[in-house]
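Labels run A, B, C and D following the written order; every chain starts at residue 1.
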């Protein structure tokens, strides 16, 4: 199978998921306290929107870089990619959960663990697909990468999973730690030259 | 008409439908019982999300394999494909219905029959399109398939409809049977080498 | 400008609109009267879903046929196409309005007029774009069509607007007339050989 | 990296955002005052839908023109484009906010400033990406543009930001001023020959 349609389908799923994030920005009902106050109390939603948007965006960039090396895809690649998309599809939900509970006095730790855990799951699904391609199905690759190069890519990918473990565990302490770590990861990968060969 | 745009349109519709599934993962309102309990009672939604996501994903993979053989499309192909997409568009609704009624004491059998029935309808629409291509419009195919090969593909496709008949009928007994059969079908097709030439 | 991206963008907008139609299929809340009864009272939603889905699908097929003739697009084509997409984006709303009021004792005529009117608007936007291409910007066309052929296409397109005028006006009598006419139009265009050169 | 997938992803995100605008067209509940009256009070939603739809549509057209000049993209282009998409994703929210508060007696000025501000942010993100391409990464461009030509494009783009500053500031006076200016900008760019080389 050619890789054109797996790219098109993945692009579309990721694009829908990233745009559905904005459905969690709520328009306050009129009346009662001032609009400024109502919009102000929604700051966790804005913060979570930006962090999740950039996170999904970076996964999309890395997904690109991964598929660029491929010549064709097999059934396992399609299924592993489907599982990756399944975890991306969950992120609007976990983002909305995080945003609603961030400033709550109850359930905030669990919400943060679910949020961090959903990003961790996405990173692990990405790693599983990358490992499949670089270790087992090297004949699907466009260019011959040396074992050293392939290991370097995988090491970087595996290293990318660790911060999400911290972010998830950090939710046990305070949800702000989870959000801060996820924001830091997003900024780190958005900076020049860090994902160029993810 | 070239097949590029029918692929692009189908990819987009399937991608939107698969991502809309996550809209049925609800963020619990704060207060009252603990968040863990609230999230826990939503397990039918998580189960239904995974089963429907993988099911739609596999239909997408098979759709791929079907269109890959085509050189061009005619009006009947477009209309049959539209009907297939119409049935896929219904799945987020039937999935949400199934999830809400799975553990209910009333209406759970009907909800399961509707869910199984919607997947059955999708499988039958797929088969109708496949039959049209392999039996009537063989001149649209890229490569010449022998009658034996075409019949083998159709037999496999027809066989794929049967489990959904069971899943639908199983809903009369208990909705858990419907969900279990649909999950088993999804796992079966996700395993290597089973859909490679669907 | 090449026509590839206008196709991709139009495909995506139409695909999202056609899939959003299913958001108007509501999952009944548990409790009270039986689920069968609750689902049964939603029949206007199912009918409206099918009619609007096929209608948008056919517009997509015709849009295809229209763009297939083009070599490149100019600014006016982009704007007229944008207006067409704007009218398609409204259809999930007018469909939901029609479905909710079809069996109501008040407002049902207006709802039907709005529904028929939204499809009429779509058909007129399509005609405006087609006229622009076939009468004024013939140099954008891939193949040279004779004046006779171009007039024949336009006549068929203009004739396609008339039934929607009837459907809209029919809403004044009863909303069932609007729905019946729109369903008949959808079936007519779905039959073989009628839209092959729209 | 090739520019094909950045086009496909951007097209999809913009298409989803532009279609989600229609989710703010609400179907009135039956009963009470007449449907005509209920639909009539929603006129700010219709006005905001049209203005935002055309505005996003024009950004899409300009995005096209911008990417058409590119041969390939680098990491900074991907990130700046992601930020542009993030601002576009916010527009359905700010449009719904504007529509709900336009005729309110409280919060209407702030809602207008947020709406104008979201469009301003989009225009500024667009300008940032354009500046990056035309001033710093000229080697990514398909054709060699002279310094004079590049400055002319940038001047036009920078000039395009100013009206949104006015629209945002105008919200302090009255939200109608914001909506009127945004509508005027949309009409201006929709007229022939003004965005042909944006």
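Going forward, a residue touches a chain if its C-beta (ideal position, glycine included) is under 8 Å from a C-beta of that chain, and two chains touch if they have at least 3 such contacts.
Just so it is clear, the model here is predicted, and its values are computed rather than measured.
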Proportion of interface numbers common to chain B and chain C (over half same, under half different): different
Most distant chain from chain B, judged by the mean position of its C-alpha atoms: D
Chain A and chain C: spacing of chain centres that average the CA atoms, whole Å: 36
Intercentroid distance (Cα basis), chain D paired with chain A, Å: 26
Per-residue multi-chain contacts in chain A, two or more chains: 8, 12, 15-16, 20
Partner chain D, residues of chain C touching it in the complex: 1-2, 5, 8-9, 12-13, 15-17, 20, 75-76, 78-79, 82, 85-86, 89-90, 92-93, 96-97, 100-101, 104, 106-107, 110-111, 114
Chain A - residues contacting chain D, complex: 7-8, 11-12, 14-16, 18-23, 25, 27, 30-31, 34-36, 39, 49-50, 53-54, 57-58, 60-61, 64-65, 68, 190, 192-193, 195-196
